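In order of appearance the chains are A, B, C and D, and numbering begins at 1 in each one.
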């Protein structure tokens, strides 16, 4: 029944947005929606008996388990932050004319809808339904990217849509395979994840492999796995920063979430012996391509976007290890990466506003006097950068460390390659910061850059996320760990 | 009830039709005819659905036939044709990576490949003997052929057609798994329609100049408070 | 008691870190003073606890916090740890004291608060690394140390030089972390735990790999050649007290890591020792040879740090060789030498850095060619620097000599080794080692002579003034420590409980003093007491000019030529002539450039290679949708083939 | 510290101060003879020292305290170093006295101060002298240490006292080793005492001087100290060589007669050695500065040879 609450809240928000008169009101609605969602999710986590399996009586289309709840919690927190951030950010876009007034309503409507669709996707039990919602997120987020009516934005959105949806079609074929498998074994076919999980052990490996590979193609494209990642750097770099944060922090997780769900089924069959090496190869290639592309990168948002690709690779490798501990830390990584990446995008958004005229899509960013003009954003990038390359005490350190620790037992070669690649990625980030942030105008010549007055609403999310990350990294709260362990158990690892 | 053998024969013929339409989409340069061939392809699908319905009697197939007919034979072709008129592109001459002859040859090779691969995968499972196998081979082949259209054509609008053709492949495959609940199929189609519309709109943007794009967006009433764009 | 003191010290350091962050925007002296005072107090606490623990020899272990079963923040303070804690405590107390004054002369307004905070954090991280009881905690704090020191190095981020230094430092530090991480993971794979405890079941290839990885990691951090390149960049670029901390303490953390893992985890083979010895000797010789050539005073000190780390590694290598040859007595002796040299190096190198910093802040240049004559203008600083120079040149009776003597003695004792070939190898290393200490004395004659003696060679040096008192007390304590550790070396070792075959330096010093007094007395009663200050004979020059002096460059010229095989120079010249047959010379330019061998033949090619690889990879992302779709298509075909044939 | 040792300190210091100027003059005398001159008196160095003591000291206005303390420090360091080499009487070593590395380092300490004093006044000759001195001493160091290591290897001890005691009581090791040690130590003496072919102690010709360049600024009693310390250093090194190779005469017990005999024998042995040095010098031309490394390489070769012979036999 809670799901209905989610839907109702969203419908109400959509109505208010349609009726709202100005930007502020629309923004407030979105913030409120995200907050209510977050509270609802927290309420479920605290007071409901999870997993909840009682929606839409009869055919069990929806359910809530710990994994879904976990993802929803991450998503709502990031949405809330991004919505707060958008208050100042979109105002700036409007002022500079990058976003037309007419598109504003569409923007927020899409925003509110996207959150709902994402939540529904995470709560879907039926895999086909999940697929549909995942497709919808592609469409809506592409709208959010293309809303800045610049040619390069449309271009990025088209790339996103084409690559993601074409690949997702294959994923659907994969689901049909899965359906067929289940029909052979259960008599009647089903795509309900819970049912599939119960009987997965008996499935014939050949078909399961086929189905997994095809599904993987689709969700790899959603989560930016090599070689389907090509849309990602462009879309994330072109999108408004508030949207980039969502794309990177939430939508990529959706892809990995799909892979995890599917992997949990495969994990119970003998097909795992074939699938795990395949995932490792894809993961390492992803990390490699991302790290190597990061090194010569001169464009901040692209750099951060490639770093997302890299982290997706890490998650994939972690998943391929297929031990409970590895899975545990993959989940942890998902959370930590989402928060870190969101804060990085927020910070780079501020820099983007500041150096608007100097940021071009492909050329190098011209950043000057950054510590004088935007100290918070600069430190946000530095601290976020330290966090994303896995420096303690930020939480990504732990997840990367333990994933690699588990990897060490599997294959030393893969471990060595991965270490080198992570090193390259770290160097790339460090090199970028060192070369761009240290540029200052000569002391006697007056700077030609107007300082951009960053509204507090854009600063608060960065600080909030960094503090959350630090606290998580320092404390590693026991209840959180227990929650993650619950997920691992539910996935039958 | 019609005789099974005849129906199966008809289905076979329709399969061949679908392959032919796909081949035509790959190789032609004329945009308008691509749209109509697409409509034809979809119509063939409707026919297959009807034939299968007559074979298996599943009501879902009938529903699918109806929905497909409405959406894919009527709405989408009409919509794309309209857009094509607006952007005044008649031909899509440039090919990337593949020219029509090569693509045809490759698609044949692909079909063979998929057949062999799927045969090995389903070795020993009941699925190997059923229509499911047949549908899988054809569906995936159709998808890959559509995909070749998407990356070998320059115009975004042609890419959309390629994508639609891929989707037909999925539908074709899906029809052999009749137990899939209708609501799912229905939602998928709704989903795809939205996707196609959005892509088409964006394609307009990419295939024309920016000012034109703004004007057109206003004409489609997609922007509410229409402002004058210089 | 120890544990409580330790935690208290940590808390005080933490306060020193957080307080300036809270008051980040307040550009007040008091903020910085409070933060640095916290550091000083914490250092004193640490000093006390480590001294107590060093003497009692207890091993105190406690767990602070255990968030997840796999990972606990637990600490062990045993004798080895206390020893290194002592190094940290002494150096950081002196540095912080010096810093209170120095920081007020720096640029950067309120950014200086962050500097204080980072310094505190840096010290905190080092303390925690030392005390860590498991490898995970060790690595965690190792990274923290790396991150905070990186921020410190890039303090003056606007300078080109700093940017380069920062890049180098960042890359090398990451590389070091990578290797340490690899080593720790390999160890875990071998033993299944994070505990720093012996690896049982023999030295499998995993354990050997783990050792090699750890060794590489620690070598990079310690600046062993050929991984040394970050040192001569990072030290000059960072604020002086930071250089002092990094050179004096941070390098020792790497030494600590190596010693800790060698002692507690591995059962080393003979060749491990040879490896460490070879690395150490190479670093020592090459380090000091490069130091001779360097005219940037802090760069020179950085190279000299490489040399000294080389000496320490030599000692450790010897110790490993002796352990593997089953000669525990000698192994202890050489290990004591290495550890004692770590302590001594921390003392005199920090002293030298701090006094060099005073000189730099007084003369506004780091080039020793532009200094000179400062002994008159900065008498106390020059005296302190002198103590450091004598120490580092390994001259009796100061501390540098005492520790090098220990290593010399263990070299000499290699007589006891069985394998004759091995002896020859050791004797070659010994010869190189002797060369090192002789060259270091030449190097510091040059340094002291060029900086403090003769005439000032720049207007700034001519008007330089003595630095404020806080900038003298800090180094003063270090200088006192240098003297004490040298003169009373034997007594100190006896006090701590080690019987080492050192000569009684106290006796020697007494003899030296009494001989000097006697000589003076004899002269006083027998010789003429007339003294005149006047122009001395200048071989015909009428009055002395600063430009005619023997410069630092000139001083090292003979050694340049002798070691020209190592200093690769590149000579380029361009000449134009008046006539066509190139007979009548018109004009020309010439340049003799010192090739930085490692940079040009190792670092740069690697960088260029990786850049070209990344360039070709970036071509992958060409911005064209069709290409991207083609990738997808090809991948799907490949996956279908994979399905068909490998499923 | 027993009385024997205190007596040793006194005796050794007095003896070394008393006899060393003699040998400096002796070398000059030998060289004069080989050149067909009569040469100065063998006591000329004593006279020079006394003359210098009576002169005033002149300091350059540029010079600092280094200049003022150097003569004292040098003298003290070299006298202590000389204590490490028993001339006439070998006592039991006390508190590590006699450590051969410490001996070497004390000489290095004196050199360190001298080099700084050379730089102190800022005259280019002083600087040149310091620079060359430090360079030469650096590159001879490996040879020196290997020779010492060879000694330690042969005598199984690091202590000069013990070495002497062993060579007195049990006689020296094999002849071949002795010759090699002798050659190596001889070269070290030549280098350390700045003699031809490394340095020319006679001239103040700018381009050839090394040691003299360094002490160019010294005058009066300071110069006297420098000269005397150079002489003491030479004597100590000669005694080291002699007492290892031809140890007879040196006493291990403290009797007046023994000491007197030892003293006479010492003077005789040293005189012969100075004769050899003088003839050696006369038969050589000073080498170009940058040809010195090859000379040192030769010395290094000899010293390594000892090790190799000892190790493999």
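In the analysis below, a residue touches a chain if its C-beta (ideal position, glycine included) is under 8 Å from a C-beta of that chain, and two chains touch if they have at least 3 such contacts.
What you see is a predicted model, and the numbers here were worked out from it, not measured in a lab.
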Starting at subunit A, figure out the least number of steps needed to reach subunit D through touching chains. 2
Between B-C and A-B, which chain pair is linked by more C-beta pairs in contact? A-B
Centre-of-Cα separation between subunit D and subunit B, whole angstrom: 101
Just the number, please: Cα centre separation of subunit B and subunit C in whole Å. 69
When the centre of a chain is set as the mean of its C-alpha atoms, what distance in Å lies between subunit A and subunit B? 30
Starting from the mean Cα coordinates of subunit C and subunit D, work out the distance between those two points in Å. 36
Quick one: which residues in subunit C touch 2 or more of the other chains? 625, 627, 629, 632, 636, 643, 647
Where subunit D touches two or more other chains at once, the residues are none
Two-or-more-chain contact residues of subunit B, please, as numbers and ranges. 118, 120-121, 140, 147, 150, 159
Those chain pairs that satisfy the touch definition: A-B, A-C, B-C, C-D
Under the definition above, what is the set of subunit A residues touching subunit C in their complex? 155, 158-159, 162-163, 166-167, 170, 205-206, 209-210, 213, 217, 221, 227-228, 230-231, 233-234, 271, 274, 278, 289, 292-293, 295-297, 325, 362, 371, 386, 389, 391-393, 397-398, 401-402, 404-405, 407-409, 412, 415-416, 419-420, 422-424, 426-427, 430-431, 434-435, 437-438, 440, 475-478, 481
Subunit C partner, complex, touching residues on subunit B are 96-97, 110, 113-114, 116-118, 120-121, 140, 144, 147-148, 150-152, 154, 159
Could you list, by residue number, the parts of subunit D that touch subunit C in their complex? 1, 9, 13, 53-66, 72-73, 75-77, 79-80, 83, 94-97, 99, 101-102, 105-106, 108-109, 111-112, 115-116, 119-128, 130-132, 134-135, 137-139, 141-146, 149, 152-153, 156, 158, 206, 216-217, 219-221, 224-225, 289-290, 293, 300, 304, 307-308, 311-312
How about subunit B: which of its residues touch subunit A in the complex? 118, 120-127, 132, 136, 139-140, 143, 147, 150, 156, 159, 163, 166-167, 169-170, 173-174, 177, 179-181, 184, 187-188, 191-192, 194-195, 198-199, 202-203, 205-206, 210, 213-214, 222-227
Residues of subunit A defined as touching subunit B within the complex: 59, 100-103, 105-106, 126, 128-129, 131-132, 135-136, 138-139, 142-143, 146, 149-151, 154-155, 157-158, 161-162, 165-166, 169-170, 172-173, 176-177, 179-180, 183-184, 188-189, 191, 204, 206-207, 209-210
